[in-house]
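Heads up, the thing below is written out as structure tokens.
The chains carry the letters A, B, C, D, E, F, G and H, assigned in the order they are written, with residues numbered from 1 in each.
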Amino acid sequence: MKRLLTGGEAVAHAMAQIDPDVVPVYPITPQTPIIQVFSKLHAEGRAHTEIVNVESEHSAMSAAIGSALAGARTITATSSQGLALMAEVVYIAAAMRAPIVMAVGNRALSGPINIHCDHSDSMLIRDSGVIQLFVENAQEAYDTMVYAPTLAEHPDVLLPVLVCQDGFTITHSAEPVELLPDERVREIVGDYRIPFSLLDTSRPTTHGPFAMPDYYYELRHQQVVAMDAALELLEADGRTVERYRLDGAHTALVCMGSTAGTAKDVVDELDGVGILRIESYRPFPEREIREALEHVDDVIVLDRANAPGSQAPLYTELAATLYGSGARIRSHVFGLGGRELHPEDIERIIAGDAERFVGLRGAACRV
Amino acid sequence: MPELKAWHELPIAGVVERDEALRPRTGAYRTGVKPEVELAKCVDCLLCWLYCPDSAIVLEGTSFRGFDLDVCKGCEICSEVCPTGAIAMVAE
Amino acid sequence: MSRLKTMVRNQNGVPPLAAGHSLCQGCGIPIVVRTVLDSIPGKKVVVNATGCLEVATTRFPTTAWNVPWMHVAFENTAAVASGVESAYRALRRRHVVDEEITFVAFAGDGGTYDIGMQALSGALERGHRFVFCCYDNEAYMNTGVQRSGATPFGASTTTSPTGSVGLGKLQQRKDMTAIAIAHHVPYVAQATASHWQDLSQKAERAGAANGPAFLNVLSDCPVGWGHEPREFKRILDAAVETRFWPLYEVVDGAYRLTYEPKERVPVEEWLRTQKRFAHLLKDENADLLAYIQRQIDEDWNALLGLCGRAVAA
Amino acid sequence: MIEVRWHARAGQGAKTAAQLLAEAMLRAGKSVQAFPEYGPERRGAPMRAYTRIDDKPIRRHDSVTSPDVVVVMDESLVHDDDVADGLADDGLVILNAREAPAELSGLRVACVPVAENVNVAMLGAVAAALGEPPAADVADSAVALLGKKVEEHALRHAVEEGYACLS
Amino acid sequence: MKRLLTGGEAVAHAMAQIDPDVVPVYPITPQTPIIQVFSKLHAEGRAHTEIVNVESEHSAMSAAIGSALAGARTITATSSQGLALMAEVVYIAAAMRAPIVMAVGNRALSGPINIHCDHSDSMLIRDSGVIQLFVENAQEAYDTMVYAPTLAEHPDVLLPVLVCQDGFTITHSAEPVELLPDERVREIVGDYRIPFSLLDTSRPTTHGPFAMPDYYYELRHQQVVAMDAALELLEADGRTVERYRLDGAHTALVCMGSTAGTAKDVVDELDGVGILRIESYRPFPEREIREALEHVDDVIVLDRANAPGSQAPLYTELAATLYGSGARIRSHVFGLGGRELHPEDIERIIAGDAERFVGLRGAACRV
Amino acid sequence: MSRLKTMVRNQNGVPPLAAGHSLCQGCGIPIVVRTVLDSIPGKKVVVNATGCLEVATTRFPTTAWNVPWMHVAFENTAAVASGVESAYRALRRRHVVDEEITFVAFAGDGGTYDIGMQALSGALERGHRFVFCCYDNEAYMNTGVQRSGATPFGASTTTSPTGSVGLGKLQQRKDMTAIAIAHHVPYVAQATASHWQDLSQKAERAGAANGPAFLNVLSDCPVGWGHEPREFKRILDAAVETRFWPLYEVVDGAYRLTYEPKERVPVEEWLRTQKRFAHLLKDENADLLAYIQRQIDEDWNALLGLCGRAVAA
Amino acid sequence: MPELKAWHELPIAGVVERDEALRPRTGAYRTGVKPEVELAKCVDCLLCWLYCPDSAIVLEGTSFRGFDLDVCKGCEICSEVCPTGAIAMVAE
Amino acid sequence: MIEVRWHARAGQGAKTAAQLLAEAMLRAGKSVQAFPEYGPERRGAPMRAYTRIDDKPIRRHDSVTSPDVVVVMDESLVHDDDVADGLADDGLVILNAREAPAELSGLRVACVPVAENVNVAMLGAVAAALGEPPAADVADSAVALLGKKVEEHALRHAVEEGYACLS
């Protein structure tokens, strides 16, 4: 039976069902409902986790690294400034190959300070080596959260996996969600295993050594390879991209997250317009994107983030991916800091009538 | 110097297993002098063992046996702290 | 002597920190590390902040560590240790791990007093069962001797240099031991590498404490302090004898001096041993010197008071 | 698709009401969505929440701009917020008041003069206006969610009171 | 007369000549020589700055924001983990429009921890809205440092300016440097002026307010426009790109920093191969890049940074910039964590004989 | 009454924090802020951490602030203040600025005890001349009442909830006032909004201190504590009378109780006023209650000792 | 509600100048009751002024004059702290 | 271009010597570059530094792989480091020793047996080997940089001593 749950609640339920060993976490809007609901379920005995209420997000990720590499399944959650504050250690988590799962409620970065959705926080760490999966709605948030440990802990992967949902739009929006039975979730995630546990005193290991130019490059490269492995698994599981009405389409909207839902309603009414929704932003599924857009003439990339002094990030990657393909490609930025994107805006974008910065008041100086 | 390895030959994340680790020979840090013991004077107080920053004092059980000059850096601390003057620094 | 033999036995032929590290000739840090670890019986797992100790003991593919060891970054040692200790508790509850393990975090003064302070404070508040040991060499040594919160008043460092208008560091050192005590944790102690029995006893108590324990251990740095390596013990002894670095512990809130210098030795005896203080002994800086002595006397009296001892007027 | 907008003061339970309506509609086999608006304003400040109801899956994730039904849980909000904003042409305003104030003249307004468990009563009124779900189902949802905090009979009574006003 | 100075020393001398009001700073290799030499000059009375020896880089940038907006010219410096730790506040510095100048000694990000050069630290904050100028050698480091305040404080710009030099390769390498006379530097930088000073109690202002979806987008957009203004100024000053032997070239190497010097020696021996050195990485000079490469058939982008799970960042931006141009474009990653790039490597790259990950031991799994 | 008139005069018709903010009905924070600012004569510049106060007073394009005000982020208030104060010193030296300004930083307990702790500690060590005022409402309120280092033992919050196996927060509160004192700064005080004269005097002294000053001010939160707004004063009074929140100050190291409750009021009088403590008053939790009372008694005696007062046995 | 402005009409970085700032009318937060004074009972002690979280007490010099109901949120604190019982909460 | 590699133990002044040579060459109108190698190793550990000298501006910024001259400031380094690594075919090794050890047989080795101010003496020897700059210029550079720490005549003497060994 479906239950009415917000994306945040759905993920918290997934966490309780996974029942991780350790959850180090720090509150921040719009992630907070996740940890609050999880804490409540925990207080009711529904999870047996060591919750570590750390004093900052930098420490949340640091504790998560320690715990994951000590041999404990570890989940955390954050948003925006939290992700920015822990950025340094997010890179290190990936490099130390700590298979942490992190629920992210995407939110605009300061400044100015704002609590609503955009994807600038995820973009900030796009080179960090962590896997980032973007979901469209609460159900997908739940499903992906249950899936995440299996990907993170896969012996060829062993990387942090971020399950990214749009702040408020998904985290705080109640929708029907079908939960799996607890046993099924335990079965899916199975036991936690890593190659070297710090607590294995019979085989003492040194984690996090110092690397000079003679070895840094090679050690770093292992992450590139792990990402490739993750991409293969995601491809096999059909979790890289969603192709919506792309068969025979001349125009494709490329986007991530909850906006895809709104866009689907729009393209259902149009001929020859489809949607390519990027589910796996990292690893970036270049090959599949190229395939999916092979016969498309017009590619419209919707970025919910910006890069002052350059082009928007998703657009830039799409252009690089499609380089030499002959398709026309357009960039639109939208929804920064929670600015709404309505179906009419999407219609205008498709029609070519929209400004580059959709919904911005005042003419953009840069075209 | 050992051959440098390729990325796929390295342990994941550069985790170093104790039993497979290389141990640099830091004896090369010495700058002209090395410790020498007059065993007769030694009372096995173990202070040199305690204070040697480089774990270069070799014991047998709890008795002093000598120096591991492969790693001793020649800091002279052992010779300073030895209560019986059993250790002297001598030119290499 | 039996404590030393116990230490040898605890080490069991395998020093926790072995030879083959590239710390400077005569660096005080490994003395602290080995004394602390050898004084705690049973299995140990170490977490280490970025700094001389970390950089110089783990150049890939080498390691000088014979115990499980983890480094993540500079500022988060206590947070990493919190995670490791929480994992341990979770895994013990699930019987995945069944042995007793003591967790020891090592960080320099920079990684403790300054950039690592918040993670430490949070871990102390949450009550993780671990020993946080600061090897305090009173500056950022790994990056070339910059002033830290632990650098004493007047010391010359590369970011508090002397010069035609520069007089060394112009602030008092942060009293990290007092700050740890104010966290009301079960065990806090101040110690130094040269007073090894004292340090060893404190490390043992710290390891046995039922909650977080904090050790603040003065450790010399020949390079940064400006002295010959062999002077190690003489210099640290001077720190204690001049009361610059009192040795004391606080067990569940109760203060105790663990060593009391016989007489009041003027602070010059400490200052004159190191180049970083050389300018303070010049005639024109006599007022600075007097100020330093006054401060030491006041702090000492305050400490005696806290130890419930009569204070000389 | 039916879109409902809830006006209330932070703390009056509009978010809960929006969710309860969705919950009841979900039980009745509908697709639903419920979400509040968030800002820095605190307890006492005017706020909004939304419910969407449809027969096919709801995929859009933008805010509601032209509601079919507007529920106003506190009469004073008529002055403090633009409650008629974007109201659909044949839209209905359900107001917690004895009679419709001048500000709303020209609109289709139904008054629900209740003082206790306002959010639940308004919920009943909305169900009546929409013709579904049945009052009993609404009450079941309310009891399931709020039963620990408010007495069951009070909740059922509130639903009925609201329902009665519009049926 | 030229003096033998490292890049770090040269920048420290520029700082002493600028004599800023406030320098909040935290040590980190390879930036440290900058602050050490500056501290020494300060101790000799050559600068009259309030040096704030903060307790972390997060606080360094935070204090810099406070000081710059209080009306004081402010300079700081950092590298690698320092930049990563302050990333959150780097975004905010840009958004609050604090014209801070920051000297960066570029260094690889952990993990594993490494102290040598690559550009991953700069890449981490490429969307933050700060200006990033990359220099080739010590002389340019000095010149750019003297120039930086004028750009940062320009009334149309008012953004932080980062002067990025390769760690060790430039920061610690001694080269002949011509210093300007002190008065000339003072003249160039002039007085410090900002539109709203926090200390102006006669006109109280609220800095750093909270922005909801109704205003966040517009406030953010101001940075985009400021970047555009900066680009115009940089173009006018000839500081965006260096075109080296591009006239009539069929092949162009695109790179940043000290590597360009090595590459110049190589292409001097070849026909038809030129270099496009990006000096202004942010703002990214798209138009000039397109122009400079208009007649080039082969574009080879050298990235000293990587993005596991995607393409290298500079390559991605070049591809987006040249999208539709018809040029062939190739990506090479090199020099991570201080791995050397010798002239022979560059020759192999140009000849098409090099691996994608130049100098990596072991075959890359990803092509 | 003359102090109140002085405050009115200091305000000069323009409250530093004006009406028009969106803090909750009856929120204690603005009372703290105005009392502190109105008690300091002359010009003031405010730096503010993310939290209820910041979010609810500056929704663009509005502001409730009539004094210069800056917010940068959550964890760096003391660092931002350090920068502002350093700029002030530099600009005064250069005569660009010529008036006396007092710098006041406001942060919640989260922004002080936890995530803002390190920046604060660093600023205290460096000796910037500013007042850091923590409005301590004992949880992260802005994000919906999560536990912080300041949350007292046993309190229910959304991250330390009660439930079939949950008993509220299981750790003692961090003693932030003691930690500030351990930094040996010229002025530290603990106060509360309801005892306004006491708070006002402390704010005045803090503003006049020759170096960093720290004020820890208990401030109620009707939403997070679970009480009616109008009960504000009654509840804060109970915190003081039950000795849960002693009012004292430390001037250059010397402790002084600034208010002494006449008699020992049992801690229930404080706990029963708020929903967050409701479970502690249940019979089955009598042991928790006893533990809390014991802790309060011990802390009180320790404080009396520090104030040089005889302690009742 | 005022018209929303375009980016170029906004002050740099969103700096709000005090004298140009909008001040929300938070009187709308009241939920049915408002304070009322019986002036005869008022002794100008100013405690209501001190404790009002919303600076809604209007003074003239140092004398109490009334309430600014545009911003008063109706929290009842003034009425609780008034030592002479001069303030009562009444239905709007 | 002439490339010189300096071998020493950390703390022996190789970085300074590399810079001094560059400084003296700069005074003589050359283009120069001088840089050390950095690692986690501390005082006492073998380390390297480099000097590049050319008539036209030096632009390359890679490390030196095939030095023309290798300077070894401490004889024991011959065992601890591969001092001949990449040495140009006609390259010269200048060694602080009485006589060349067996390890270096087959190479062109010049011995400079000095005990005091080794780095400065070796610098003099390099200048002699390169034929420029004149000893007096080298000494001036040394005095300018080190004059505060070491007595002038000692520095001049060291330069001459080194210079003499190879002239």
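The rule is simple: contacts are C-beta pairs under 8 Å (C-beta built on N, C-alpha and C of every residue); 3 or more make two chains touch, one makes a residue touch a chain.
Worth saying up front: this structure is predicted, and the values here are computed from it rather than measured.
K.L.:
Steps needed, at minimum, to get from chain A to chain H via touching chains?
P.N.:
Counted as steps through touching chains, the separation is 1.
K.L.:
Decide which interface, A-C or A-G, involves more C-beta pairs in contact, and give its chain pair.
P.N.:
Looking at contacts between chains, A-C has the larger number.
K.L.:
So which chain is the furthest away from chain D, centre to centre on CA atoms?
P.N.:
H
K.L.:
Approximately how many whole Å separate the CA-defined centres of chain B and chain E?
P.N.:
Measuring from centre to centre gives 45 Å for this pair.
K.L.:
Please work out the Cα centroid separation of chain A and chain F, and write it as a whole number of Å.
P.N.:
Chain centres of chain A and chain F, defined by C-alpha means, are spaced 38 Å apart.
K.L.:
If you average the CA atoms of chain D and of chain E, how many Å lie between those two points?
P.N.:
From the centre of chain D to the centre of chain E is 55 Å.
K.L.:
Could you work out how far the Cα centre of chain B sits from that of chain G, in whole Å?
P.N.:
Once rounded, the distance between the two centres reads 75 Å.
K.L.:
Can you pull out the residues of chain B that are in contact with at least two other chains?
P.N.:
Only 4-8, 10, 13-14, 16, 18, 21, 26, 29-31, 73-74 qualify.
K.L.:
If you look at chain H, which of its residues touch at least two other chains?
P.N.:
Within chain H, the residues that touch at least two other chains are 39-40, 42-45.
K.L.:
Please list all residues of chain F that touch 2 or more other chains.
P.N.:
Correct list: 22-23, 25, 27, 54-55, 58-63, 65-66, 71-73, 75, 113-115, 117-118, 121-122, 125-126, 149.
K.L.:
What pairs of chains are touching here?
P.N.:
All touching pairs, sorted by chain label, are A-B, A-C, A-D, A-E, A-F, A-G, A-H, B-C, B-E, B-H, C-E, C-F, C-H, D-E, D-F, D-G, E-F, E-G, E-H, F-G.
K.L.:
For the complex, which residues does chain F have touching chain A?
P.N.:
Interface residues on chain F, with respect to chain A: 50, 54-55, 60, 71-75, 113-115, 117, 140, 143-144, 146-147, 149, 158-166.
K.L.:
Name, in rising order, each residue of chain G that touches chain A in their complex.
P.N.:
Within the complex, chain G touches chain A at residues 4-9, 13-14.
K.L.:
Considering only the defined contacts, which chain F positions touch chain G in the complex?
P.N.:
Within the complex, chain F contacts chain G at residues 1, 4-5, 7-8, 15, 17-23, 25-31, 34-35, 58-66, 196, 228-234.
K.L.:
In the complex of these two chains, what residues of chain H are touching chain E?
P.N.:
19, 22-23, 26, 31-36, 38, 58-63, 65
K.L.:
Can you list the residues on chain E that touch chain D in the complex?
P.N.:
Residue positions touching the partner: 210, 212.
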